[in-house]
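Input: structures, listed below.
Each of the two complexes below includes subunit A, the first together with subunit B, the second together with subunit C.
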Partner chain A sequence: MKTKLILGLLTIALLFPTTSRGQSLPSGQSIADKTYARNEGISMSRKLTMELKDKRGKVRIRETTSLRKYIGDEKRLAIFYITPKSIMGTAFLTYDYPDASIDDDQWLYMPALRKTRRISAANRGDYFLGTDLTYEDIKLETRISRDDYNYETIDKETIDGQETYVLEGIPKNDKIAKELGYSKVKLWVDANMWMLRKAESWDVAGNHLKTTVISDFKKVQDIWTYHKIEVKNHKTNHETIFRISDVDYKTVLNDDVFTKETLVNGL
Partner chain B sequence: MLSKYNIFIVMLLLFAGLQAQEKQNTFKEAFKASLVITSDFSYEFKKSDLQKSEIILKPEFIYRLNRNSKFVLKGQLYSDLNDNLETGVPKETTVSGMNKRLFIGDRTNLELREFYFYTKIKNKLRLTIGKQQIVWGETDGLKLLDVVNPQNFREFILDDFEDSRIPLWSLKAEFDIKDIGVQFVWTPDNTYHITQDFEAPFFTKSLFKSPPKSVSTVLNKPLKPKRFIADSDVGIKLSTFTKGWDLSLNYFYFYDDLPVFYNELKVTDTNNPIVTISPKFKRQHLLGGTFNKVIGSSTLRGEIAYIFNQNFTSTSPEAVLGIETSNQFKSAIGIDYIKGENIISAQLFSDIIIDNISPYNRDKFETNTSLKISRDMMNDNLNAEVLWVHNTNHGDGYIKPQVSYWMNTKTQLFLGSSIFYGNESKLFGQFKDRSRISLGMRWGI
Partner chain C sequence: MKNQQTKATKFFNKVTAHYKAILALSIVVMIAVSLFIPTMTKDTSYDAFLPKDDPILVFRNQTKETFGLKDPMVIAIVNEQGIFNKQTLQLVHELSERLKTIPGIDPDEITSLSTENNIVGTEEGLEVDPFFEIDELTDVKALEVKTAIDNFELYQGSLVSDDHTTTLVVAEMLDSYDKKQHEVYKSLMALLDEYKSHDEQFYLAGEGAVSGYLIRYIDEDAMKTNPFAAVVISIILIFAYRRLRGVVLPNIMVLASVGIALGAMAAFGVDFFVITNGLPVVLIAIAVADGIHILGEYYETAAKHPKFSQKELVVETMIHMWRPITITSITTVAGFLAIAASSYMPPMAYFGLFGALGVFVALVYAVFMIPAAMMFVKPQLSRAYKRDQKIDRFGKLMVFIGKVVVKQPKTIIIIAIVIIGFGINGASKLVINEDRIKNFQADEPIVKADALINSKTDGTSYLDILIETPEVEDIFEPENLQKMEALQTYVETLAHVKGSISIVDFLKKMNQSLNENNPEYYTIPNNRELIAQYFLLYSASGDPTDFDNYVDYDYRLANIRLRMDTSEYAYEKPVVDAVNIYLAEHFNNDTIKATTTGKVTVDAYWINRLGFNHFLGAGLALLVVLIFSALSFKSLWAGILTIIPVSISVLFIYTVMGILDIWLAIGTSMFAAIAIGIGVDFAVHTVDRLKFLLNEQGLPIKQAYSEFYKSAGRALLFNFLALALGFSVLMTSSVPPLSQFGFLVAVAVSVSFIGSLTLLPAIILLIKPKFLNITN
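So, the complex of A and B:
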């Protein structure tokens, strides 16, 4: 009888290995929730430098000042271009609402026209101003979406000496997959900081699309903060390196910083 | 004339002094300088010659007193190497004393493009005092509410509005009343459109009724407002963002930037007919508004303007001094569709003369359309776009294709063309001999 029970348990374990392994790993959804629960501070200012490198090795650099503030659960983000000098003053503003069913509101100020253009946030899979990250990627930063994917936690791995949970995410339906531009993602989430450390993504046709590596984590004013994101697009062989510096969570940002008037007047 | 504008200098210094009491930056932190150099060489098909050989240096200096206040100075050294667009030294009769350019020979001029002090007072009031551009409206290509600053028509409407718009000495005050943003504008600078001489490539002959060749013409100097306070322009814009709609309501009390061309036929003692044209700037009220809303992947945007007592050159023999007056309603509706790296932008403009008058060289109800298709490629390294503006009443318009390419972080190249078509007595068609191909570069440091 005892032998039969052991054999039975072994059979179940062999037939449903992920279920068994999944029992010792937190669910993907709970990990996603934890990435949102992390302390990001109320306000933040930082310098964000984007290094765009094409397949021939030509590098273009764009320097920005990025400001972010939570007003209640609503996240507001403003990015002001400092270089190249010929497009200095270009500025981008987003209102990211806590209700996922409500599209973000986005504006882009173009100094050459001196006009602020409203941008649809429905195209969240579009690439952000020539970089290899999409508008959705930029919005999430080191969080992982709570609403778009069905996750499975498949493993634990170590990156830079830190333990991470490895998740596979499949968009919940074809519409979401098309919107995001991904048919599958594989994510490595730090098991202590609850921040994304690495991501692989596949396009809607199933081809390997991008590798994203987030690194140089340091505590700034007691908040874990990343300082570098490297993104490689395997289809175009284009790369973007985001470098973050001068991070300040204690900066006082009034609500009127996140308005169309400030986009026009500049910082 | 200079003394009239001392009020701006006094205000600049006064507010700067008040703001200096706040925490100061070190000079290195506070001072930022940049320089953008652009060149544009355009070849005119008809003349088989260069239409313009333009080199522009645009230095910009920002001095930040503290986190709430800054001085901004934007200068410009402009040179048209073959002195074609504005031949010689223009008289600038429509420009105020403090706004004139300094010409160095016929080909080059220096201009103080912008010089203003910006400050936030207790995070409630935002003031911009000095020479600046104030832009209203939602439309591209054609203007409805973008009338605060006049324009130099050196290249008709081909030049970037950023370059052709003439900055004015103004005060802009912005504050909020609950969810409504209030912008108050005061512009005592009596500068108006710079239109071109008869011989200039972009002289807009479609605006003027030409007398028969046997009749001689006398063109008087424009009668321009001069009083600093009484002749200043004032405007207010109320704006809000509610339930996904960006809305604004605009009012502007201003002098039309184009004078009214009163004309009178007289017979001299020797029985010779002579037409005397006396341009005079006239006051107007403008009431308008804008809206935009995102719908799926598209942005719907629109703009309306109602102008009271707009003056029109008339074909009616009963018109007094050749001019009739009517209220005018202008509207524009546009849609921007964005998909990936592609943008398709379409606009429909309507212009209605309300009263029963007989305007010269236009219909009472005019419609213009525009279509812009743009595509970014190679991670925004390369952009290709084409703009098509068409007047459906007269069948004239222009097409402007352009390709731009970032060579590196600092340098961008342009290759484009501007092709006019249609009846040469009409607004766009009159320039069909001015069609051109352009090659340019923009470099910034």
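So, the complex of A and C:
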């Protein structure tokens, strides 16, 4: 009984400062919902250059054309590698189903083998094609998950002159934490565009894992679009920079583009 | 000569006049320099045996840096019932996780069954997954892990022993814990201790562990041998003079010599190496000698001149003694400097340099501090030197030896010639060898762990081969990969090479997995693009840093790591040679280059120099000693005579090493130069005293010999006992190379002593060299 009382008091004491400001700060969940409600266009094509840097500063640069389309709530993403020469023509395709209980489908076409290989349903926390972003990061882009975390909005900060809400998220349970590879995240969400600007994450053991910065926001065909993502892995000192250009939301992409056949034939 | 004597008298008159200031200064300097000792850092790594800018070492460090290879701590988990069960695998996981939290361990460089990924082909693709997930681990799942390992050649022997009773958890240390390996070792042992009650046994070895263990081990050893040496020396001093000052003064010299030598080492930022542990004991034994001779002379003078004031006694003593002790100290310094000059290996070079400093300090203290300190006390007689000139039993022993020499000079010379014959034969059969694990006694836990891991798995000695290609992604060239594969096949045929790992092994495994796990496809794909695409496919489910240890980030450099089950030079050297010959034939053209590196290569390189260094050092020491004594006695003959006993002592040791199967290794290789530098003292004293008696006093030869054995002979006997017993203290060291070193020097010194007091007078008796002006 006594412990309960103490715990209760503690909770109140802990909540007090946030509740007092709570009136001015929106709940984390509502912010998450807003990041989903944003207009992202139906189809999009862009040039995506992946710059990967190891801890010794050696760099791999891979240029790709990346296409994306929403078919209903289902998100399809295709990445066609242009350079380096050795992987030219290699293409990656993913179908990302809205129903979380259904595993996403992923394939990689390997021109040297003339075959498409299925990539087994990866853990959401697995690294995406040698980058420091996880499959989950790629899937969410500038959104923040609606289902995985218990959020607390802790502050307001300015990044690049723009107001952001600062959220702290703790995975709802250990299973989710393990899947994602995070025990805690701290997120900075733009208060006007409702896009993620910055994220810090901690691994399951509580070590500072990554810092992600999304920047270079420009309106393209009236849609707010980021042009750069930088991720630094503090444990491995590996770094990833995504540079984005030639964004186009207008060209309608046919559903056929997102098939295994197109992977084989290329764009 | 007369002039010199007056100069000396003036000098020691001054010294005794300012005795208070001199003593105060002596003590202040000694304490001030000794205060640096606590700042000394220990370096027990084998890399310490090469100068930091040696190209071989620089290259090795670059390779280590490129591929993130560090000195590992290797934990073996042994379950005689087999490790593929839930409980043991759970333990592997738990240990791997807990290791990440140990200070000094790189949390990202832990390799075990729970951290590594399995590569499996699926119907349509490739899966890279941990061998097991801890929450899903059951005994059935554990058996699946067994199957996975059976299908993953790469991990057989490197991660799991072929008999499935042993699995390894390899943890690498952060560079920041260099020289603090003992702390990490201690933490790991404490961690393993918590699992004592389990059915599994745990063993800890590997390069990092050996370094860590050694740091603690030599510490404990020093705590034991140094005080022991001081006690032994004090006992000898008590026997020699039976007086308190006879014990205290030489001990102050010893403190100064050791304190200043080690203090200077620390002040100059020189690390304390394994062999440095022998330095204090060596200096204790040597430094005390000057004190013995001075006090011997003092008591003798006191007995002869009962009316002398203390000042007269001290000055008289020093006038007689400064020359021989200067000569002997300088020859000893020469011995140490010969080591410094001939040694490419820093630990030995520093041993020589600071050993020389210690001996020099002892000389300075003998000339300044001892006379100054003596001025504080009243004249004193020693019971060992009675006024009636009656000699004690030590003196009697020496007189007896003298009689034998005078009667049987030819027999003595024949015995010497026989010893020389055996010695030359022994020298030609010297075995140069070294094994780091032999730094420990055979029953130490680290030795057992090392033996177990080496017998059960591929071993803990690494030989790395760096492959270099000219352009980015050239490693993907099938021709290059095939060359690497052929190289691996070849090296695995060499004795004691138990396995090798490179990117080729992973690639073959990927190829097999992507072809329905068909073993026929455990090959290198014959298409550069396909190989590049394999790695991209792998990255779809593996980690970006998975191949860090095997290939550099732009696929231009690769590393092949060979594992050997021994760290013995005799086995490592042939492997390095064979690999180098192979590389010269098959690699090293415009398209691909390969270089051996890694611990095994570095060791083979510097240990190979030990033999040359040894003979160079011994030769240099002999030469310097010869020149110096020839100059100081103003006679080449005198120079030659003084080096005869030490030369024989060294040859005698070669025979002993052959019979006892002692290697010429790090510790033992230094014995010759030191034995020469120290051992020559007896010959110097002998020649000096005989010259004085024969040439200056003009005594007939028989009387001169009798005088010599009675007085100088006795002091030499105690000098010898101090040295021989002092070095014998090193024999009690638990570090075998040090104890062997102590043994060899003790024997060599004994032979020098015997030779100087038998052979040398015998030769003089027969050939009657001119400089002695012998009259019958």
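A few notes on this one:
In the analysis below, the second predicted complex is superposed on the first by the 251 of 267 C-alpha atoms of A that agree within 3 Å, B and C clash if a C-alpha of one lies under 4 Å from a C-alpha of the other, contacts with A are read in each partner's own complex, and residues count from 1 in each chain.
Following the convention adopted for this analysis, a contact is a pair of C-beta atoms (placed from the backbone, for glycine too) under 8 Å apart; a residue touches a chain by one contact, two chains touch by 3 or more.
What you see is a predicted model, and the numbers here were worked out from it, not measured in a lab.
With subunit A as the common reference for superposition, the partners subunit B and subunit C occupy clashing space. Judged by the touch definition given at the top, the superposed model places A:Thr83 against subunit B, while subunit C stays out of reach.
In the overlay built on the shared chain, the residue A:Asp54 is in contact with subunit B and with subunit C. In the superposition on chain A, A:Thr236 makes contact with both subunit B and subunit C.
In the superposition on chain A, A:Glu40 makes contact with neither subunit B nor subunit C. By the touch criterion defined above, A:Glu200 reaches neither subunit B nor subunit C.
Of the two partner chains placed around the shared chain by superposition, neither subunit B nor subunit C is touched by A:Asp148.
Applying the stated contact rule after C-alpha superposition, one finds that A:Phe92 touches subunit C and leaves subunit B untouched. Within the superposed three-chain model, A:Asp256 lies in touch with subunit B and out of touch with subunit C [touch as defined at top].
In the superposition on chain A, A:Leu113 contacts both subunit B and subunit C.
With chain A used to align the two structures, subunit C clashes with subunit B at 365-373, while the other stretches in 185-193, 365-373 or 419-427 stay clear.
The residues of subunit A shared by its contacts with subunit B and with subunit C are 52, 54, 58-60, 84-86, 111-113, 117-120, 122, 126-127, 129-132, 236, 238.
Subunit A contributes residues 52, 54, 58-62, 83-86, 88, 103, 105, 111-115, 117-123, 126-127, 129-132, 236, 238, 240, 254, 256, 259-261, 265 to its touches with subunit B in the complex. Within the complex formed with subunit A, the subunit C residues making contact are 65-66, 97, 100-101, 107-108, 122-127, 472-473, 476, 514, 527-534, 536-537, 539-545, 548, 552-554. Considering their complex, residues 34-36, 60, 118, 123, 126, 128, 133, 135, 137-138, 140, 160-162, 165, 174, 176, 181, 183, 239, 241, 244, 246, 292-294, 296-299, 301, 336, 338-341, 376, 378-381, 406, 408-410, 412, 442-445 of subunit B touch subunit A. Residue ranges on subunit A touching subunit C, taken from their complex, read 52, 54, 56, 58-60, 81, 84-87, 90, 92, 106-108, 110-113, 116-120, 122, 126-132, 205, 207, 235-236, 238.
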